[in-house]
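Chain lettering (A, B, C and D) follows the sequence in which the chains are written, and residue indices restart at 1 in each chain.
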């Protein structure tokens, strides 16, 4: 339990970092959507290890296979099963981990929860699990674009103390992909890359912030009171490995403003109801208002560092542990497609829910 | 859809701010728990309007009735239905709202979603809806305390720029209740109260931050990969009216640290595995690790201000609107029991899930 | 848990036979449907005790109140809470039941499950619980009729060995309501009424079969593989008190035919694909095929009989018990609106699901 | 949507009859259960085509691979993904089906629902989909046996008009497996085999009835009001391909008895509360009572017959079609493990739910 996400567009992921592979089943995908592996692979390539000098050198092609749900190049409306085999796993690199809990990792908590754990790499807690999410998210993004005209993007907005300035209304995917850190502000990007490289040399790691954006969301998506759009986006983001915070629109900074400073005035523009400012982040009362949806996700620094740290072993004795193996000094560049995927999954789910309940020919405004 | 929360301990809330009343059905409550209205009413009193000089003068007793699920003073294991009637509704105060969308409220988005809305004061988007959550949360808190030894608390940590300093390991409910702003740092509390009163006089409003705490959570609660404990807490908090952000443990500040600075070393203490620091916020890999769980929730300033603002009417014409009616200049003091309720609901749900799947007599550590 | 039914059109019922009342929350009802208590009450009147000489003399008006979700006579799209108070409960009639388990009732199993039970007349296992279902079902029937042109009916097809002959394509509600046993075959109805009256005089009871019908269901409703239309209908019917069996189309009799005898040939008729026979009961592969959906539900004889029976007391000693109180000698006439309600709930849920996933303007056949 | 079953022990199946393969993800399996492919394969062998002279000659080994969730021979508590490749698919055998709807198959309804279908041999509606269910069911049966002492069995009770007599309290798996028709009454079994062989020679097919049994179920499983044990069993069985009816305990025959004839008297026996008769089928008020749970499932005759039948083509013109390809003349022998699997899935789910909500050390009886 806990490995399924979504109400109408529902994904179930499976797989450990070491074992046969990882995958996902997508249930609820509409039929008659053109789909092949070539729609999925690009996002997996953006997520895969070994893609650049600032990611882990673990080198896996992460080649996806669609096993069901597609016929003659189109979705059938039946479950889409996708799988990526594990190819470059080196369990021997983790032998010390069989005996010790890595600090700020999930080793101890998985052991506590289940009484047992796969000590070969993070097992189920490995970021490798997100492959299924990214594969499913690629389908969600395609549906959002083709059926609803919605574009989902994300980029690295902050690494440690380096913050980028980006115009979220003009951002394009090619700007994000213009450099290996996935920060469209090229000046900040350079600083970020230098910082990450320096951290790697020191055996240390860094965290940062990713901003997610959805443009073209029509008014009406989101289902109060519990399934508010920001609540579902927040859950989606906080379910990503290493995420520690989520804010929508003005977020924590908005808590420092007064109502008069914060409110988004309504004005008619282009025949539509628009807001003059967008501190609401495109969501009011848990429902999209037609403005650009945006939010920020905080990621902690990677827990694996190449330095000795105090910890405890599986027999509950104090000990020390020094990180080994191949790890990212900063997860953010690879987390960008994860943020996109999760936000696309939330949005397409609410799009379908809105169609089911509220979009009737009888309805007149 | 969207009005049910939880998997095994599941609540469904109903009701608009104006109409017969508001209520909740709790499904999945264990049997044989001593329960009466006197267990519920205190938290509703902490939530109710008119409780102090810094809350709305709308005066409702918010007296709860348990309609089912309790027999001879004990829970039956069947659904617990609770209801609070609406008594001090003054729909006439909202007549202008029938024609205009209040800025940064849910008027326009509810209208967009459903093609129709109850314009009498917020309707379903009113904070009045949270009565059901607080009532259900009081039961959840009782179960956590009696069956699991877990204590759930919250307090106002920040109002606008005024930040309190509180020792979360020593905090008691009486400290929170010691003043009307529910900030246990009495010096900061005084400043906050003065600020809120000044804002009210100006017809303006303020936001802030509430910190939530759960002490005594055993290792093992939380269900990766999607139902991580912080993901479910985040969704719960972001489903509260006016919330804009959530962070657990080090949160956004943690994104500015390096791995060596951020990691929580493990050490044996008192025969248990403990962490030396608690930047993880009591959760690692989505599962509680036995340390105190803590998180922060950002609330925007109240959208209703007593000043003229630009907006649009229901015929899509530009107009202006000045707030009227009885409103809080700051929601935070009344939101404290809401944060407690939602976190208790998440925790008790995961407590039951952990019992179901993982706590077997056969299990040896 | 277990008190919520449906995916998109979702109901949660609450209440015991003795206590404040019984009720239901309907979540997922589309907005802008004309609705008032007068749409609900007629079905509750068909379900209520004391309605005729062959039902229990327990006399309750079962007057429903809509507490939320409706504004200016139309649904808001928010949860609809409905309640019926308990007025004619006589707990003293059940005092012996506090000490003894009634044979073939739920007394012993509720006690075993929860360790505790409301011994005042069935508690949650009382048929009184179905009031919430019937109220919600009245809304579902209205939506099916107004938005989808689907008509849902049920009638008493068999009482003990007396079987009626009814043309399900021509059946109208007035035929069902033409007599107190709700069997449109008036000759069989008279025999049934005589039999039920004779049974009551003897202090005994009888069971029987209700047939449910849905006409006008378009092809495409039902969601394989687990949420086949007959699977969801079957679950719905088998969740009714006293039901012991469910069959769709040819049912158990179909198991005695060969494939050649059983298959429904396709033919074009009136420009539509039709089947020549309808042994499939309007469902093929779990999906409606455009023919009339029909199914049969078996109800056991009422467990309460006015004769001494062997049983066990709450201290686990052998004893005897003689039925007392006011009971139906046959539940079937009052179960007709329950069957209609549950089938309407299943159908409207699948109607909304089909809209969400599969009904796109892009779709061409 | 519709491809997931269960609440706490939850399975999601995927796959078409022609394509990469079929499979299942099991979420919610407790950790530390010894598990390997050898626990799964025997039930798949009982389900597989080509196993005997009375099943389809389509010959597939149906060799299962566990891809995740198991480590060092034990379950991890994480999702268990299992897969079986499609090896003997012959899509060319189905070319005529691309143009015509097979009578009483799902061709027309899938086409109606999705606007598109995999015409290569049933696609998702093929019984091949049940491989995932049987694989997951083998795990459920293992847990029921090892953790709860519950034994789940099924057998062919009727083929067309031939009915077997079996003592359900003494039945063993070896009795079921003693002959190829899986009917433990050897005399009836011989008749059934002869009948099936005769039907195959005629190009016709037959249906029948399977009885499912669960022995050792403790009192207390089942979750009223909607998730009654018989309701969930009914849904499970009616979700199987070709099933048309379900009855528990006395079932439809019970509707012909009076209350005095039908009631199960309670008596103390062996220090436990027992019933003298078991017309309730081990379930009262939706909750198990400690007696043997039993139910019957009706299966229609196989729709594919080797004779010309009237039908309609995809351009909506009348035509005829003669069955081709390799098909079972009777599905019942291969459906026995499916019935066992589905009932085990329901029971283990309710076992976990009962643990979560009601089994507390505090509870005293």
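Following the convention adopted for this analysis, a contact is a pair of C-beta atoms (placed from the backbone, for glycine too) under 8 Å apart; a residue touches a chain by one contact, two chains touch by 3 or more.
Keep in mind the model is a prediction, meaning the values are calculated, not measured.
Engineer: Quick one: point me to the chain whose Cα centre is farthest from that of chain D.
Structural biologist: B
Engineer: Of the pairs A-C and A-D, which shows more C-beta pairs in contact?
Structural biologist: A-D
Engineer: Approximately how many whole Å separate the CA-defined centres of chain A and chain B?
Structural biologist: That pair's centroid distance is 26 Å.
Engineer: Just curious, how far off is chain C from chain A if you go by their C-alpha centres, in Å?
Structural biologist: 45
Engineer: Using the average of all C-alpha atoms in each chain as its centre, how far is it in Å between chain A and chain D?
Structural biologist: The computed centroid separation for chain A versus chain D comes out at 38 Å.
Engineer: Would you give the residues of chain B that are in contact with at least 2 other chains, written as numbers and ranges?
Structural biologist: Residues 1-4, 7-8, 13, 28, 31-32, 77, 113-115, 124, 353, 357-358, 363.
Engineer: Quick one: in the complex, what on chain C touches chain B?
Structural biologist: Answer in residue numbers: 1-4, 8, 10, 12-16, 19-23, 25, 27-28, 31-32, 65-69, 71, 74, 76-81, 83, 113-118, 120, 123-124.
Engineer: Spell out the residues on chain D that touch chain C in their complex, using ranges where they run on.
Structural biologist: 1-5, 7, 13, 101, 103-106, 108-110, 112-115, 124-125, 129, 158, 160-161, 199, 204-209, 219-228, 230-239, 241, 243-252, 254-268, 273, 275-276, 279-281, 283-290, 296, 298-305, 307, 309-312, 316-318, 353-354, 357-358, 363-365
Engineer: Show which residues of chain A lie in contact with chain C when the two form their complex.
Structural biologist: Per the touch definition, chain A meets chain C at residues 8, 28, 30-32, 77, 147, 352-353, 355-360, 362-363.
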